[in-house]
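Next come two complexes, and both contain chain A; in the first it sits with chain B, in the second with chain C.
After this line comes the complex of A and B, so read on.
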């Protein structure tokens, strides 16, 4: 089942730390947001492969926006 | 009958009452992964100290379907006993008798148990495993119109004696408001749940099909709603949690909290604190490591650990004396405060203040969250709860600024304006109305726009601004009491607590304030 990973805070995409196709473990950062003067990772909710990354560095995302999808 | 026959009859009645709902019902209770009410009470109270009241009680005799039947102890065990030597009153629902429903006689017993805790001023404990009101005895205006006083009494007892409501089975409607008004609510994983309306009522009234676990299980309340304080593995862990919690509390609000002998050296230096904070001020670290490094033997009873995780609250000891810890958590949302975390911290501050437990604030807060989402959720009034609670608190308050202390975040975490008895900063402390980037954009907007190279001008101004944000500026103006080596934190806090022990603040008389709930 593909699973959407959503931003839990409004911010700017600072870094993309997992590319499409990469395997991630639960708790690994998929992207890092910059918000509230801090680098805030958006973590994989479970183990899996990244199906797609839906954002680009520098892009503003709102809380609840889908930033990536797990296979 | 002579006395011998009479006491034999008494003994037989006692045996019947203590057999609860009978062998089959007890077997069902065990099969569900639950202990019986009497097994729970054996674990809770020091051996042989429970004095039961109302063991001969039975149902009120008004429900036709109960005619000719007995309801042992009327489905609730009440009494008083000693926990670690100290008295407490208990109301423990027995699910093996009429599903632990709140019968009319049962409520008379419960009223008695609350009266004992209230008038003798010692803790009140509920072990909840109950289907809620016993409808057969409560239905109709004649029955119901006089009921409900338990919640008024529990409200009045709040802040006078510690109140614990452990969810060890279901709690619906009536038995869900008991934990809502209690100070501490542990919930057993898998077997406990609470909801104002249970699944059958939900189905009948709003048409939703949902299980009790999905509706109000321990995960829902300990991770999403914030109504539960601690998810525990099983009944034994639940009883342990109640004892651990009570060990930090006085018997009532006129006594000091219990101090225990401490063999953890007061001036113990913790080398790990030297390298804990990352070099980049924008990187996160786990503030619980600071808490565990500083408190006695690293023992920390965290409350609501899985809800509003951007703030960490809980009980610990420093030099043997109980303290309440309020710490920002940079690992979650960068430590920014939002609606739920403000709620969580405000409530915890009120709890500690009510029972004379000193507060230790560990600050690393980039501020309150901003944006349309949180504004619509009422961040202004939720944030104000924390301002209100920290302002009202007259217990000793100690503040350590670990790193960020921005905007109202600095205020609500007991900044200088909020009567800290001691406020110190680590060398990494950044106290400011806002960060250098945000501040520069506002203050030097025109200069930056007019510059030949706006980006260079902005960078230069940001660096200038950054120089103004360091602990020696605050300490140089004597607005924080000292800059300390992180390794000294434990010693500084213990000396500060000893100094503040005799703190006396007399607030102006008022009936009560208008709390921004």
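After this line comes the complex of A and C, so read on.
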């Protein structure tokens, strides 16, 4: 089952740390958001492969936006 | 002679500097990003200049645009506030090259104290006690291991070019060092463009106490007492007070003496702060020097009755320091807390949004420094500080009681804030008895 990963806060995409196709473990950062001078990782909720990254570095995302999808 | 001051900042500190300009009869120039077009600091100033889009890198951190704005607006001085470019020696240098007075120390002093290992070496040579640690940056994890063995675990890794707690990592035992070293180096590289790390012994439950110093171009130098700033999260302060409670007289005098010796060693001019960690046995160690005005400067102002920002502008304009050491005495107790747009229930996650309603307290002994108002959009691009509440009283107990009442009267709707946590802190026995240390908040001492 594909699973959507959502941003838990509003911020700007600072870094994409897992490319599409990469294997991630639960707790690994998939992207890092920058908000109010803080870097906040958005983590993989479970082990799996990244199916898709839906954001680009520098893009503003709102809380609840889908930033990536796991296979 | 200074006539027009450009304030290279935003929010409450920009308003604070504009107020000081007005007191001295100086013209003030605000700068603002596109996001801050309607911000209070823009309205406060006599003139405002747009300097670019919302991201700080393209506006408040853009040296060229700010210097150009200053020249275009006919400013003859620049006040950097805190944060942004305030501790960037290249900015101070760029101002001077453009014929602008930089309201602060020399670019050399900023540069020297900005390199945290060089600063520590220099302070140690001046007789200021420093935390046991690596004498310089460690080249690799092997050297870190050797050094950590001498210093003794637990240790803390820090970025040589760093600040604000970024890239710091506590290491409990030798086995954890390789992984922690790799992570800290990577974060330092990403945040500061330099991966260099140094290490220090990690002090358990220390207090953070700092000393305000002030020097002028003729070599006069005074201290304005200390501030207790132990209550922090992510190595950033939430509550500060002056004088520091429960400080033995010998420690208080030792801190002041050390701070003056340190500042004198670098020929320090204008306002600066030397930060120290205190251990349980009364030992104190130099942590770093902030070569700028501090966020928490109002507690010193309220305790001493002196205006630090007015004095910064006077001294930058070439005037001799208006105060002699013997005139500076704490007349009152003062305590401040910072209200941030962060959710303390969720590990202090940022809480951007629009302030739907704002009610700020007023009353005897209460001072509010706010950068926001009802309708302000709290943006993801900037520091989450909304406002500071400061209370003063004839005694510490009176100041604490006034701050606790003021906190009860604050209303902020639309964003989550640190208010609930601050109310619990002010009601706590630890704060009331003045027994605080730097790890309390992160250890959950004030959780609901």
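To be clear about the criterion, the second predicted complex is superposed on the first by the 71 of 71 C-alpha atoms of A that agree within 3 Å, B and C clash if a C-alpha of one lies under 4 Å from a C-alpha of the other, contacts with A are read in each partner's own complex, and residues count from 1 in each chain.
Operating definition for what follows: a contact is a pair of C-beta atoms (placed from the backbone, for glycine too) under 8 Å apart; a residue touches a chain by one contact, two chains touch by 3 or more.
These figures come from a predicted structure and were not determined experimentally.
Contacts of A:10 after superposition: both chain B and chain C are touched. Look at A:60: by the touch rule set out above, it reaches chain C but stays clear of chain B. When the shared chain is aligned, chain B and chain C each come close enough to touch A:35.
Residues 8-10, 34-40 of chain A contact both chain B in one complex and chain C in the other. Within the complex formed with chain B, the chain A residues making contact are 8-10, 34-41, 62-63. Chain C makes touch with chain A in their complex at residues 55, 164, 166, 190-191, 234, 341-342, 349-353, 380-384. Those residues of chain A that touch chain C in the shared complex are 8-12, 15, 34-40, 60. By the touch rule above, chain B contacts chain A in their complex via residues 280-284, 330, 333-336, 366-367, 369, 371, 373, 404, 406, 435, 437-438.
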